[in-house]
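For clarity, chains are labelled A, B, C and D in written order, and residue numbers in each chain start from 1.
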C-alpha cells in the first residue's frame, strides 16, 4: 500500500520523525511490561517511557571536566540522526519505504551500527573508568555480532536476488515465508538483533552490577534522553527488518503490528530466560557458533538456488 | 536566568512547567547509597523491587550511576570513612535532586548513636527531604515515603 | 576512589558506592611479575565502633545494639550474645525457649540463603532468578513476621529466654509455608545445576581445594563446599541442637557451583529441622530470671551463622555494664581465607577468584593499578579480565 | 573426638607450660604464656593439626593506683591478647600479656598467615605491636584517624566530632 504524501511531512511526521519516536516509546513500554510479566512483576504504566524522556530532557546537563565538550554534546545527536535516517529505507508500518535504491540494505545496517559506534565513542570520550570499560565492551560486542547478523540478512537478499529492502519485502510477501525455507538464518537474525540492541544475555556493555552503567555512565539530561530514544528507534527498525525478511513481508499496518508484536514477545521471553554472558563468552559464542551457522545457511541457500537453476 | 521584569508567567510557561513536574513525578529514578548501614534497610529497599511490592509500577527504577538518578536513597549512620564519599555522590547528581533517609540510623544514628566513628544521621552531611523511620522500615513504608516526596513535588 | 600509589602496591579500590547492595571493601595486592605475593583487604566504611559502644551500655541495652550488627543475621548475633550472658551468670534458659530460639535460627538461615541465592544470581546478571527467589523469600519473611512482628531484626531473644510463643495455629502456617518453600527449592536446585549460562558463570570458578581451605581456617558454606565438615551446630551443639541433631552437608567441588549446591542442600536440612522442632516442641515457661549485675566472669559462645562460625567473647566485672565484648563475624574469616588463598596465584586468576569466593564481594567494577618495578599502569577490571584470557590462550 | 579427649590432647601438647593452665569450664582450657613462648606453642598446635585460630581478643588493663589501705600494690597498665583455638567443642585460649611500656608481642603471621587481619585490628584498636607482622595499615578505622589514639582502650572517651560539613 503506497500513499503519496509530500516528502517533508513524511520525513517529519508520519512514517518518519515524531511517529517513529512515538512507536519507539510504545515498543519500549511493551518490552518492559513483558519482561516484568515474565518475572511476574506488575511492570510500568503505559506512559512510563514518555515520562522518562521528558524528565530527562528537563534535567540539568553536566558536562565533564577533561572531556571534549563539542564531542560530548554532538555524539548523542549524531546517534539519533543515524537511527532516524536508517528508518527511511525500511518499510515502516507496512507502507512503502520512502526512499529506496539498489543496495540500501547495506546503508541501513551501516547506519544502525553507527548508533552503537556513537555510544562506544561517548564512553571512550570521558575520563571515568566505568565508561571507558563500557566503551571497550560495547565495541568488542559490536564487532562480534555484526558479521553473523549481516550474513543472516544476506540469505533472503540472495534468494530475492536484489539488495533493495522494499524489493525483498515484496518478494517475501509473494513467496512462502522465508522462516520456513531458512530457519537457521531466522534464529541467527533474532539473536543478532538482541545482540545489536544489547538486551540481556548480551547486556555486558551496561551491566549494572559490574560497571555501573557502561558507556553512558557520565551522561545525564539531554544527552542520555537522545541516546535512549535512539536505542528505541533502533529497536523498531531492527524488528521491522527481521519481520520484513523472514516473516513474509509487510503488507499493511495491521500485519506489521501483529508480526512485530509476536517477534517482540519472542525477544522479551529470551531476555528473561538467560543470565548475562561474560563479554569473552559472548564474543566466543558469536564467532564460533553465530558466524559458522550463518555461513552454513548461506551456502545452503546458494546451492539451493544453483540446483534450482539447473532443473 | 535573569528575570528582567516580573510578569505573570505566560500560559506557555505554565503549561511547560506542568508537563515538567508531571514528568518528574512519574519517573523518579533512584540510586542507593549505604553509608555504614547494617544492611537491614538495604535489603528492604531491594525488597521493594521484587514482585510483591514492585516500585516499577510508580516508575521508580534503581539506577547505577549518580548521573542518571534524581532521588538518592541513603541508609546508615554516616561513618567517618563514608562521609566524603556520600558528599561526592550527592554532588555528582544532576540538579533537581532529592534525598530520602531510610531507617532510624539514617535519621539520628539510631542505636549506634554516640559511637566515636559515626556522624549521626544523614542530615549531618547533606540536606534531606524525606525521613522514613523504622528499623528497618517495611517496604510499604519506604514506598509511602517516596510517594510523600512525589506529592511534595506536585505543590 | 582515590588511588594510593606506592611502590610494590597493586591497588584494587572497590568503590564504596555500589549499585546493588554490598558492603564496600578495598583490596590491595602486591605483585611480583605474575605471581601475587601479598594481598590484603581494608574495611572501614561500615565500622560503627560497636565494641566500644557495648562498654557504656548495660546488659539489656547491649542486646538491642548487637542485634543490629548485621541486618540479615540479627537473630544469630542476639542468640550468641544471650548464650554468652547466660553462661556468665550460669543460668540456662528453659527447654521451650531453647527450641523456639533454634526454630527462629533455622528460619533466619532459610531467609539468608534465599537472599544470597537471589543476590548471587543478580551479580551474574540472572535477574529472573533474583526476582523469583526474592518473591519466595517473602513467604519466610511472612512466617518470621507472624512469629515476631518484624520482618528483619525480629528481637525474639531476651536475657534468659524468649519473648514469643508458638501456638498451634502459627505452627500450622509455618508448616504450610515450609512445604511451599520446599517445592520451590527443588526448582532452584534444578536451575542451579542444569542451566547452561548459569553454570558457565559458576563452574570451577574460584576453586579452593580441601587442604587450602583447612590450612586457611575457612568457615561456613565456603569451607563445606571444599569438603571440610565444620559446622558449629554439629561440633559444639548450642541452644536446642543437642536434641535436634543436624547432618553436616559437604560438597567436593570447592568452586562457586559447589557453594550454590551446599547452600540449597542446607535449605532442605533447615526445612527438616523446622518441621521436627514444631512436632516435638517441649512444653514449659519461656524465661528465667537473670540478675541485673552479672558476677565477674569470662565466657565464650560460638554459633553457626548462615555465613559461618560466629565467635563471641564476653567479660563481665560484676557491674551492670560489660567489661569487654569481642565479636568476630564470619565474613572476616572468609576475607582472611581469601587474602591468603590468593598468595602464589597468578594475577590472571584474580577476577575469577574474587568473583567466585563470595559473590557479595564482587561489588562494583575494580580499577587495578599494577606496580611492576619499573612503571605503574592503570588497568581497568576489563583489561585485567582480558589479560587473564590472553594469558591463557 | 569429644570435648574431654580434645582438652586432654591439648594439655599433653602444651605440657611445657602446665604451670599456667586452668580450665574455667568443661569445654575451655586457658594457658597463660610469656610473649616469647607464644610462637613455639602455636607451632606445636599447628603441627598437631589441633583446631584452627578462631579469633584474637584484645583486653586492656588500665593502670591501677595503689589501693588506699595499701593491700594491693600499684599496678602499671598492660595489654592482654587472647588467642582462641577451636577444635570441635573444645576452646583453647593462649593468654599473652605485655605491659604498656613494651607492648611487643611476636606476630604469628608466619605460622598462620590468616592471622594478619586479627593482628591488624588489635594494632589499631589497642596500640599493641606485633613484632614482624606483615601489614600494619588501618583495618577498620578511617584514614583520617589521629595516630596514637586507640579507641578500645579504657582511657579513650571519644573524639570531638568534626564540625558539620556545610
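Rule of thumb we're sticking to: a residue touches a chain if its C-beta (ideal position, glycine included) is under 8 Å from a C-beta of that chain, and two chains touch if they have at least 3 such contacts.
Just so it is clear, the structure is predicted and the values come from calculations on it, not from any experiment.
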item: Pair of chains ranked first by number of touching C-beta pairs; value: B-C
item: Whole-Å gap between the CA centroids of chain A and chain C; value: 43
item: Rounded Å distance between chain A and chain B, as computed from the means of their C-alpha atoms; value: 34
item: Approximate Å spacing (C-alpha centroids) for the pair chain A, chain D; value: 63
item: Length of the line joining the C-alpha centres of chain B and chain C, rounded to whole Å; value: 29
item: Shared-contact residues (touching 2 or more other chains) in chain B; value: 50-51, 63-65, 79, 81, 114, 116-117
item: Residues of chain A engaged with two or more neighbouring chains; value: 39-41, 130, 208, 212
item: Chain C, residues touching no fewer than two other chains; value: 19-20, 44, 47, 49, 52, 131, 135
item: Each pair of chains that touches, named by its two labels; value: A-B, A-C, B-C, B-D, C-D
item: Residues on chain A engaged by chain C in the complex (per definition of touch); value: 38-41, 129-130, 132-133, 136-137, 200-201, 203-204, 207-212, 272-281
item: Partner chain B, residues of chain C touching it in the complex; value: 16-21, 23-24, 44-50, 52-53, 56, 64-65, 68-72, 74, 115, 131, 134-135, 137-138, 141, 151-153
item: Residues of chain A touching chain B in the complex; value: 32, 36, 39-45, 47-48, 50-52, 54-55, 58-62, 130, 208, 212-213, 216-221, 224
item: Residue numbers on chain C that touch chain A, as the complex places them; value: 19-20, 121-129, 131-132, 135, 195, 197-198, 200-201, 362, 364-365, 367, 380-382, 385-386, 389
item: Touching residues (chain side chain D, partner chain B) in the complex; value: 141-145, 151, 156, 158-159, 161, 164-165
